[in-house]
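The two complexes that follow have subunit A in common; it is paired with subunit B in the first and with subunit C in the second.
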Partner chain A sequence: MINFIQSILYGLTIGGILYIISIGLSLTFGAMGIVNFAHGLIYAVGAYALYTVATLLGANFLMGAIGAIAVSIPLAYLIERFIIRRLYGQSIDYAIIATYAVLLIGADALKWFFGASPLPISDPIGKLWYFGGLQMPAYRVIIIILAGLVFVGLSLFFKKTLVGKIVVAGLQDREAVRSLGIKVEKYFAIVFIIGSALAALGGVLYAPLSTLDPYMGFEIIILCFAVVIVGGMGNLRGTAIAAFTLGLVHSLTAVYLVSSAADAMVYVVMAVVLIFRPIEASA
Partner chain B sequence: MFSKIEKSPILTLALVTVLFLLYGYATSLPKITDFIIFCIFVIGFDLLYGHMGQLSFGHMLYLGAGAYGCGMFAYHVYPDPFLSILVGVLLGAALAALLGTVVVKTSAAAFALLNLALNEVGAYLALSPLHEWTGGEDGLSLFFESYGWVDFNDSTFRFYFCLGALLLVILVVTAFVRSPYGILLKSIKENETRVKFLGYNTFVYKYVTFIISGAIVGFAGALTSVNLAYCNTSLIAPTRNVEVIFAALMGGAGTVLGAVVGGTAFMTISNYLASYIVRWEMFLGVALLAFAFWFRKGIWGYARKL
Partner chain C sequence: MGESILATSGVTKRFDGLVAVDDITYQVSEGETAGIIGPNGAGKSTFFNLLTGYFRPSEGQVHFKGRDITKRPSYERVMMGIARTFQLVSVFDSMSVMENMMLARVRQGQDYKSKTRFFFKNAHYRGLEKECADALDTLGIADKADALTGDMGYGEKRELEIAIALSLNPKILLLDEPFAGLSLVDIAHISEVIKKIKGQFTIVIIEHKISKLMDLVESLCVINEGALVCNGNPQEVICDAKVKECYWGKEDMVCY
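After this line comes the complex of A and B, so read on.
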């Protein structure tokens, strides 16, 4: 039983990180109909920025996290300005190809600066918390709490702020919002940057649980597409539910079936959802 | 000049033969054999992308199916090269027929991502649960029977065999896309709703095309494992999907010769230039961006206008 609860908690950790990364992807997909592979690059850059600040420069983990987000914002701006913006209304194939190219360029740049070998990052807290017979790394508990905070924060952002409201309206009917004289694209760009900063945060959070390698963006982005598709594009609550569900599928498969099947199981869920609930891309 | 060549099948085949012979004997035959097989892969992929208008981000699955079908037959059943290749083609086609029933119903982003998801699952199956048959991470080392001069252990024979295979594929696919069926396919690419209004069952046309594409790509996979005398998980790796997409885009999607030009150009760059360019993936990415933004017609798309 304790084993079961433990694997559920581990699944929620993975789910929380997937949620934090996927939210930006979901918004780009839902709002602009763009399949954005470059999102995986921002995630990887976030993790490497953490490594640079926390390990190479010797600052603490929190500074590393701030550094990662600080790096991701100008990078996201550049990607939005020079790549994504040119792809509005274009055939979806070119969006897939162009953003994949960005991911490829970025991964190679990371390999250039940091080398191809995997880099470890140690758990910043390193404590175990005990609840009865259950033991849980404190760091993982914090990730779950943080994912909850992000969810609440984003819900408030989209309900209470003007920018958030415009984006929600734009998701439903872009033309109608535009006819009110609002430049929807500008607001989408703001949300794109917020989503990217969250992806960098996801990279920071995931780094201590795994190791860094230049191609880490490729692996995570496909899992995140699974989340976005299962949750429904541009559907904020759906993304959260899908992320935690797939996180649980991932960890329960690893514990109770075969550990190597965990990723494949997520793709099976993704394929099943794609088959039974076809998506309609707006492009 | 180039458009005239394209219109005449004999001129096309003659030109392709001469150029590959020159290229092969000027450099190395085994290497150009790889190039030729890759061209077959690109033609099969482009049947969906260029001619039908659906981008598959998981066509390595069918290459892998062909490679493993051929490899497993030769390894476990009987090492006859022709039967093995046939099994590879049939496995590629059968897998496409099975998965096509659901994949073809989707389009655009869903089509691309569903193929990618299935490719991931397939690569996992080949690596882990089926490792007793596929050899898992180590793959299978293959040996093929030889009959007199029909000797697949001889690299010169393999070169000519694969060149013949490429010519056959070019001939068949060119005839296919120029037939009324192919024209209907192009209409589906332009506007599927209108084709439906005309009373055609577009699903059947797309489904059959998907199977043909799976068979051609499976053929390329089978030839790959015959040529390399092994098959392993790199032949089904989802991360390699970008190669064929890039080749199709670079050559010019939607033309058979464009696929051949793109396949050859891509392999040339990745085999020769890659040893000079240290940041090879960066170069590939920048080139990919350039083609996606500015040169959408591809090399052949511009050359045929000359």
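After this line comes the complex of A and C, so read on.
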């Protein structure tokens, strides 16, 4: 029983990180119909920025996290300004090719700077917390709490702010927002940058649970696409539910079935959802 | 009638092989209420989309008050005073009626220019609530201000969409089949609203059935297979032989 609860908590950790990374992907996909592989690069850059600040420069983990977000914002701006914006209204194939190229080039640049061998990041807290008979690394608990905060923060953002309101409207009907005189792309760009900063944060949070390697972005982006497809493109709540569900599937498969099947099981769930979900009229 | 407010010269729109709008030269005069009719797939909505900037024409120009606006994006044209409604009602279902109205005011106040607004509901919002309530009242849906738009009937959504377009301070209002999908009661109501507002600014209405337009418009234009068949006084247009051939043949209309 203890074991089971523990794997649930581990699943929620993975789910929380998947959520934080996927939200930006889901919004770009839902709002502009753009499949953005470059999102995986931002995630990897976030992790490497953490490594640079915390390990190479010897600052602490928090400084590393701040550094990661600080690097991701101008990078996301450049990607939006020079690549994503040119893909609006184009065929989805162009988006896949262009953003995949960014991911490839970026990953090779990371390899060039940091080498191909995996780099470890140690658990910044390194403490276990005990709840009854349950023991849980404090760091994982903090990730779950952080994911909850991001969810609440984004919900408020989309409900209360002008940018959020316009983006929600734009998710439903871009042209209807333009017909109010609003340049909707500008607001999508703001949200694109927020989503990218969150991807960088995801890279930071995941780093201590795994190791860094230049191609880490490829792995995560496929998992995140599964989240976005299960949760519904541009569906904020759906993305959260899908991320946590798939995180649990991942963790429970690893513990109770075969650990190497954990990723595969996520895609099985995605396939099942795709088969049984009614096709939406707008799609 | 006044001067030309919105005009096209030789606009053509092609989709791959299909010519949806074929070399249309057209103009509406300031203050006029004009109708555009044509059978299914004639290219009426596509023509509207060229006027609003949703599409760029493959050839030809669009002029607004003498200015070439062919390359202006749709959101800029709205700010010049070209407002529209869509053939399929488009309002924001996940928001309340008042929030829909307020979204339309985002670019209307001083507030927008300062670019400092962070919250959707701020002092500016509160100041405009009364004004928006009045606009809703014009359409007879003031009591729905707090309703969730998604819960309203199609007719009420159409009324809201028109209220939104009116609150954009239009100089010209383009209505794409405003009666489509509505009950007879709603059609009569929208018709009354149009009669009430006509004359205040220029209005262009796309319709399928000519009967609904006869007592609303001062000029009528017929589009068939992408091309403008004729344009002028509604009575004369109806009796035009060419029109009878392309249009009434199917719909069995009589000359007035």
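Just so we're on the same page, the second predicted complex is superposed on the first by the 277 of 283 C-alpha atoms of A that agree within 3 Å, B and C clash if a C-alpha of one lies under 4 Å from a C-alpha of the other, contacts with A are read in each partner's own complex, and residues count from 1 in each chain.
Keep this in mind: a contact is a pair of C-beta atoms (placed from the backbone, for glycine too) under 8 Å apart; a residue touches a chain by one contact, two chains touch by 3 or more.
As the structure is a computational prediction, the values presented were derived from the model and not from experiment.
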Overlay on subunit A: subunit C relative to subunit B, clash or fit: fit
Contacts of A:A261 with subunit B and subunit C, given as first, second, both or neither: first
Partner chain(s) touched by A:A101 [first = subunit B, second = subunit C, both, neither]: first
Partner chain(s) touched by A:I8 [first = subunit B, second = subunit C, both, neither]: neither
First, second, both or neither for A:A271, with subunit B first and subunit C second: first
First (subunit B), second (subunit C), both or neither touched by A:L252: neither
Degrees between the directions from subunit A toward subunit B and toward subunit C, using C-alpha centres, nearest 10: 90
Subunit A: partner with more touched residues, subunit B or subunit C: B
Which superposed partner A:G181 touches (first subunit B, second subunit C, both, neither): second
Partner chain(s) touched by A:K165 [first = subunit B, second = subunit C, both, neither]: second
First, second, both or neither for A:I92, with subunit B first and subunit C second: first
Subunit B and subunit C, minimum CA distance [Å, superposed model]: 8
Complex contact set, residues of subunit C against subunit A: 52, 54, 73-76, 78-79, 83-84, 86, 90-95, 99, 103-104, 106-108, 117-121, 164, 168
Residues of subunit A defined as touching subunit C within the complex: 160-162, 164-166, 168-169, 172-173, 175-184
Touching residues on subunit B, where the partner in the complex is subunit A: 49, 55, 57, 102, 105-106, 108-110, 112-114, 116-118, 120-121, 124-125, 127-129, 238-239, 242, 245-246, 249, 279-282, 284-286, 288-289, 291-293, 296
Touching residues on subunit A, where the partner in the complex is subunit B: 29, 33, 35, 83, 86, 92-94, 96-98, 100-105, 107-109, 111-112, 215, 218, 222, 225-226, 229, 258, 260-261, 263-264, 267-268, 270-271, 274-275, 278-279, 281, 283
